[in-house]
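Which chain is which? They are A, B, C and D, in the order written, and residues in each are numbered from 1.
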Amino acid sequence: VAHTHSTWATSWAQARRPIPCLGTTHADYFTGAVPCTRPLADDECGDDYERATGAAIVETFAELDPRDVPAVLVASHGPFAWGTSAREAVEHAAALERIAHVAFNTVALAASVTPIPDALHERHFRRKHGATAYYGQLGR
Amino acid sequence: VAHTHSTWATSWAQARRPIPCLGTTHADYFTGAVPCTRPLADDECGDDYERATGAAIVETFAELDPRDVPAVLVASHGPFAWGTSAREAVEHAAALERIAHVAFNTVALAASVTPIPDALHERHFRRKHGATAYYGQLGR
Amino acid sequence: VAHTHSTWATSWAQARRPIPCLGTTHADYFTGAVPCTRPLADDECGDDYERATGAAIVETFAELDPRDVPAVLVASHGPFAWGTSAREAVEHAAALERIAHVAFNTVALAASVTPIPDALHERHFRRKHGATAYYGQLGR
Amino acid sequence: VAHTHSTWATSWAQARRPIPCLGTTHADYFTGAVPCTRPLADDECGDDYERATGAAIVETFAELDPRDVPAVLVASHGPFAWGTSAREAVEHAAALERIAHVAFNTVALAASVTPIPDALHERHFRRKHGATAYYGQLGR
């Protein structure tokens, strides 16, 4: 697991907004939005703070496969990313930072933004991941 | 052809907005707006995805001369640039990235923006390109 | 004391806005908002200008402990930071600059922003500072 | 004279907005706003384009002393700066770029911005320039 306070991903975490999938750079790495945890309750900020943070992340992935979305934003805190190796975790954290910057700009430029269509999303994620991958190398 | 996912040009591509010509830096390289392709239909994201992407670019240039506008934004994806050599293609991609950043700022600063007048545009493009060029060297 | 005209902290100072605590990066260093001084009156810009600047800072901390908030924004001017050593003062100035950038982005992304809850704030500040600190090293 | 197409100053030039004096960093270098020329007329973009650009700059300084404001924005083009030496011209161009960035951020952060008071402006400019200067060295 790679945990950073990198500028752009942390900005989304502080705004408590998931990062929607607005382009193929995002789709290359993450299936759908990178989610944001709920805020911690006051009594979760006591002695068990670190454990409560982890539990909030697990809760956020109740209906998501962490292999399809290898990162999360912790509300008011910052991003955590993971992978099949330490190197891949760091690569996902670095990709997330770039994606967060471009998504910030996109939201500023477009009055209303809509996530990319499922078919384009699927094409990009599948050409880099899984049994039918044929394009590029992601930390392998 | 140089294809990048550079931050600022990709932001315009993800917002699905052509980059209007807002200054002479732009006019030095591109005649008029740098266009953005239409979004791909779902059935264009299948096995023929890369070919469909190329076809959408060609479609966008139906009434444009690719020598006058040596770059395009592919919607929800990113920029492609070209030139008479690999080096010029990369130079156009780099110029586009800077132009995309300045255009982003300009749009944020100016409540309403209007492209520069044709006469100024023509002057800048022609002093660097074609038989009557007399100013600077662009990758030659 | 470290005084800079660094880009992002100076932007908040020029906007005459305190930087609210919007995330744990901020809470790690500063308890509550980083305050902004009142503007100087015209007669404070005379021969005693530097002294008047200092007096305005002291006035801003009338009800704040400078050890809890080791930095201030001087209105229309820029940030000043301090610490128990020159090195710590510089570290606080550098942290403030990063925090100011992320806060700028957060404000742009979130229609309305609210400071983080006291309990989360307290947890982060206390795990790095004071008798019960157990996390990380801040310039010590 | 130093002419650049630097990102932030060019953004103000493309937006055709003078840069108001929003802080002491600006006041250290420029007395009052850095002005923006009027747009060129179509018939000024012909064979005499470079001369017409110069004439528009001179016109902008009809009631300004170029020693007090050693830079200008040419509308839809970019910044020009000058000084008593080539080195000082470059320094003014570099300072302008930083000032343009901070002013961009300030405008984004503050719903309404007002230039700094004359007294503060005068204090900063005079402590670095002229017979009574006592603070810092500017390219000397």
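Going forward, a contact is a pair of C-beta atoms (placed from the backbone, for glycine too) under 8 Å apart; a residue touches a chain by one contact, two chains touch by 3 or more.
None of these values were measured; they are calculated from a predicted model.
Peer 1: Based on which chains touch which, give the shortest step count from chain B to chain C.
Peer 2: Graph distance in the chain contact network comes out at 2.
Peer 1: Same or different for chain C and chain D, where same means more than half of the interface numbers show up on both copies?
Peer 2: At the contact between chain C and chain D, which are copies of one sequence, the residues are largely different (under half shared).
Peer 1: What whole-Å value do you get for the distance between chain A and chain C if each is reduced to the mean of its CA atoms?
Peer 2: Here chain A and chain C have centroids separated by 30 Å.
Peer 1: Roughly how far is chain A from chain D, going centre to centre by Cα mean, in whole Å?
Peer 2: Averaging C-alpha atoms per chain gives centres 42 Å apart.
Peer 1: Out of chain B, which residues touch more than one other chain, so two or more?
Peer 2: As it turns out, chain B has residues touching two or more other chains at 108.
Peer 1: Drawing the touching chains as a network, do you get a line, a ring, a star, a complete graph or other?
Peer 2: Here the contact pattern is a ring, one closed loop where every chain has two partners.
Peer 1: Spell out the part of chain C that touches chain D in their complex, as residue ranges.
Peer 2: Contacts found on chain C: 5, 7-8, 10-17, 39-40, 42-43, 45-46, 49, 76-78, 104, 107-108.
Peer 1: Using the touch rule from the top, collect the residues of chain B that touch chain D in their complex.
Peer 2: That would be residues 22-25, 98, 101-103, 105-106, 108-110, 113, 116-120, 122-123, 127 of chain B.
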